[in-house]
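Here come two complexes built around subunit A, the first alongside subunit B, the second alongside subunit C.
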Partner chain A sequence: MFGMEFYVDPSRCIGCQSCLKACEECDTHRGVSMINFDFVDRQETIATAAYVCWHCDNPTCAQVCPADAIKKYEDGIVGSSLKPRCIACSNCVLACPFGIPKLVPQYEQMMKCDMCYDRTSAGKRPMCATVCPSQALAYVKPENIAATRREKPVNTFWFGNQKITTKVYMMAPAETTEIAIDVADYVWEGDHELVPQAF
Partner chain B sequence: MAKAPADLMQLHRQFGPHLNYTPPGGWQAESQGENQRLVKTHCCFCGQQCGIQLKVRDNRVIGFEPWEDFPYNRGMLCPKGVKRYLQGSHPDRLMTPLMRSDTGFRPAAWDEALDFTARRLHELQEKYGPDSVAVYGGASLTTEKAYLLGKFARVALRTRHIDYNGRLCMVSAGTAYKAALGVDRAPNPWSDIPKAEVVMVIGANIGECAPITTDYIWRARDNGAKLIVADPRFTPIARNADLYMPVRPGTDLALLMGMLHVIFRDGLTDRAFIDAHTTGFEKTEESVAAWTPRRAAEVSGVAPEAIEKAAHLVGESRRTMFLHARGIEHQTKGVENCEAVVAIALATGNIGREGAGPVMVTGQGNGQGGREHGQKCDQLPGQRSLTDPAARAHVAGVWGISPDELPQPGYSAVEIMNAIHAGEIKGLLSICFNPLVSLPEAAFTREALERLEFFGVIDFFLSETAAHADVVLAGSLQEEEEGVTASMEARVIHIQKAVDPPGDARRDSEIICDLARRLGRGQFFPFREPREIFEELRLASRGGLADYYGITYEKIDQQKGVFWPCPTLDHPGTPRLFEGGRFFHPDGKARFMSLTWRESGDPVDADFPIYLTTGRVVSQYLSGTQTRRIGALVDQYPEPKLELHPRLAAQCGISTGDWVKITSRRADMVLQAMVVRTIRPDTVFIPYHWPDRRSANRLTHRTLDPRSKIPEFKVSACRIEKTMAPEGGR
Partner chain C sequence: MSWFRKPSSTPLWRDEFSVYTADERYVNRRQFSKFLTLTSFGMAAGNLWILAKSLLHHDTAYARAPVATLEEIPVGGVKTFNYPTANDPCILVRTAADDYVAYSQKCTHLSCAVYYERERNRLECPCHQGYFSITDGAVLQGPPQRPLPRVALEKQAGQLFAIRMEGESV
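Let's look at the complex of A and B:
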């Protein structure tokens, strides 16, 4: 939908799995849910995390696809694989640094979140963010997020010297501008780029 | 004889529960045919009554679409709401009345089933007297059905005994609010929550049992509010609490009295408010004088410093909201627990203002509306007392009978089952209630049901309880009959009829009116449509506390809900009560109460050293009659598990996945362990949605709160030991 962006905030997630259930009610892929949901470690914590595809500006999944089956649209949405092209090789499943794409055996095809393209392109919000009771998944205007949340949206992620910028934002502590958890991104080895926190 | 048929396998094959995963016509059907329409209505499950649009084609509900304009949930839904549409075309759905046969149930014609029901009720009353039959109702019924059922019991059957499954829900809170504030209703609309500076949640697993309320609490936090959570389990919302208090099951009153002690000791009271708007302050002050934080800590297991901190956070704020639910209400001192919460609100002046007030998080769909128009054993429509001569005269006048004909108050839900067990009540007509799963001590309930001389049930699925019935009348789902409900905010909302009942199933109100006619009382039940029932309900409630006179279906649609009381047609409704410190007692003042500590009805000792507490999971609802039939919801949490802390698990040599025998003073059961750090080490937890050998209520006890008559589901004593897998494993 015009002017809206997608925000993910695991600190709000209550683990209800409404997103998971609602995703499979979406018209274009009814019966298949494309939400990535995890209990972080149920014995140790109640913490849960629900994710959609991050929709990378330069999507690794598309780069590694030998069949050219994954397309990024003009509005920045990275689609699910194109059925006539996908050869179910799982290259994208292995390559995605976020672990998003899934091979769906019964369709012999990779399927992943396309941000409810049928809905968002028709002026509706994605199913998961619409129903999410805690708004851990939220699809709202950037000015609303800035005005209402304590956390700050971040869309730059580091995966061991691979810097990725995404369409979807992660809500992070206010002082955070980029997210890096790999020590490699803090290690100085000459002239390659490091995360801002490394200085 | 109301024994279940011997061949249970045959019963399960015929009536389920089977798992329904796919919409009618398959996953792709929705995008195929034409002529879909969207019906703006509400979820049939919990007290939040979220707005939802049901997608309908050819008299079948085939999917849903979020309803983003409805102000309470703005499109948000929990997984139960997302999948609720799958109950409609479910293969287990009862399509015709059923009569008991030698081997099980056989389909019957409506005339036969209704004649038989009316005849048996009549025969029992002739033989044993009018009070030998009882009626059970439910809080998932629309307000019209609940009202009609109350009238049916008192006017058609002329029995004293009608009560409902809301007796297992928020009656402790209702009793406390009525006593302290003069009315049984959450005083604040939920839109007040984000405006609070402090939100204290006690005994309410918001994330799982009222999921949409999470958003309200998170918005309060976004605005800078402090969050206090008191619960024996580290619930999903506790993760973001500024102060988490791991209260021992059944000791909330000690914790609350400790907080009150600090509030009084440290002068955190609002003296001007107390003087102007309350009475009885000394009673509460005296009650808590000995409850130092140290003593409260010794009883509750919450640190004295935490009790001090909570008291100061609450007392120093001018905008504190208190949210409480079954955790403090399902106790033999449930009423006192709620009175203590209200006392904290009154003492600190945190009530009757935007962002300030105590609210009960009502659990059942129409928990609010279902309890205020006459299916409660002691109440008449409008939240009127059945013992008040003026109330009797008013309602009798609307009904066209003499006040003397109105029966006096009867037994509450558990007392009805006790009287059945004792042989005092011989016949039961039940709708929307599955006591075999939901009442404490399931073996006792089964024994009682088997002693009934006649048992009639109105339901849409054959519940575990209905399997004991002599006759089952195929009724309607929520989406099959128009009506209203009142959400936990006391927002009266409009349930739209989306489809007709399938097959030969009938609308519930039609069945009840037809029974009344066959009992010779048809002249009092001329209703053809729910709207006509609502028109009479408006008159019956007029001038009462829950005054619906100014509410119409059209007004509800226009305003997206009307908060009662709404005394006149031009009245906008009352989202917030007690503004300006005006309470609902005749003198306009709120009451402070005496608070007395006492032990649970099933105390721990050397033989039963562990606390057992029970509750819900997010993917199931109450006794599971509906939600145990929806595949996606069952998959999310397929079987009840025993939650226990690693420290307790280590003592007993138990690991996650091990089978554990849990023994209480009533019975034992075997479940798989789920070892988690999110529960007190002296407490175990079992969710209660399942029947038979998976039923947590095998273990619970039947001690009641003396005033609210609520059972103590949240506190039992037990012991645990590792055991072998039961036959057949899962």
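Let's look at the complex of A and C:
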């Protein structure tokens, strides 16, 4: 709306978790962070990844919501669930290919990143992007990101046969145009390949 | 908002509960007021129509038909008969020595047959516990909304004749 877009670059994340704390400060959901924060492979590396909701153009979470509680607003933001409507059924939690929505049991409601709608709709940057020291979460103008980063913003994802385009960009190697994720590639198979059973 | 929906593979509920706020259709105040006003006019016109119809209504004249002799049934006794046609069951009740009343036997709720409840001197429809007054057929309690149509009787030479129907629904 104000010419700025959200860029996520997990390779820049230093694991400081400032974004979690900043997100918790928000008055609309005080104490509950909407940031999805992962330790990528804790046994092998200290790498971490913090990311926000991707705000899909055709949001799966909203498509599967039986209570019409998740809406995509006209400026492209997919809102958190509407409290009067959400029935805490977890459909969105299970359906989101990015694993973004989280059911908050004490509120019996799904809560997820709405890109600080109170701030971004007024031209301010989201809380996480204002505090991120390495700008792994960045809310800047497209020309700024093109001028300051080697990576290229990508917003097309493939999950198996499901193509998803998003409002939030992932910073990917320069030759990348799409990011394809096949869940089967990440299924843990132990130390050994599957051995056919001998009959 | 269009009145007709083109055939589409997306289900109707997807249109009505769109994911996108831009596609949501809310009824605005003007539409709602318009709906209320037009509906009120429609209701008023319908009521005037019913009023006119009931004012212009005349009870249909039916042929006079013998029902029973005066001494055929005892006081508190009942006789069923058909009037004005063979498909219209009616009930005759002798409430006093020289007092006879007759009503259509079809309950005005769902046309179950009413019967005479002698202990409490009223007509009862057993289907849904509708009760009618024996004096004028008015509803005493229960689901029926309209009184029972009454058969006007005439005594002549020791014989009761049904002469017309009163209060038949229009």
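As a working rule, the second predicted complex is superposed on the first by the 181 of 199 C-alpha atoms of A that agree within 3 Å, B and C clash if a C-alpha of one lies under 4 Å from a C-alpha of the other, contacts with A are read in each partner's own complex, and residues count from 1 in each chain.
Everything that follows uses one rule, which is that a residue touches a chain if its C-beta (ideal position, glycine included) is under 8 Å from a C-beta of that chain, and two chains touch if they have at least 3 such contacts.
Since the model is a prediction, treat every value here as computed from it, not as a measurement.
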Partner chain(s) touched by A:148 [first = subunit B, second = subunit C, both, neither]: first
Partner chain(s) touched by A:22 [first = subunit B, second = subunit C, both, neither]: first
Partner chain(s) touched by A:130 [first = subunit B, second = subunit C, both, neither]: first
First (subunit B), second (subunit C), both or neither touched by A:14: first
Greater residue coverage of subunit A in the superposed arrangement, subunit B or subunit C: B
First (subunit B), second (subunit C), both or neither touched by A:90: neither
Residues on subunit A lying within both footprints (that of subunit B and that of subunit C): none
Residue ranges of subunit A touching subunit C (in the complex, touch as defined): 58-59, 62-63, 68, 70-74
Subunit A residues within the subunit B interface of the complex: 11-18, 20-22, 24-25, 27, 30-31, 42-48, 125, 127, 130-135, 148-150
Contacting residues of subunit C [partner subunit A, same complex]: 17, 19-22, 24
Residue ranges of subunit B in contact with subunit A within the complex: 22, 27-28, 30-31, 63-64, 66, 68, 75-79, 81-83, 207-208, 211-212, 214-215, 218-219, 221-222, 234-240, 618-619, 632-633, 636, 646, 656, 674-678
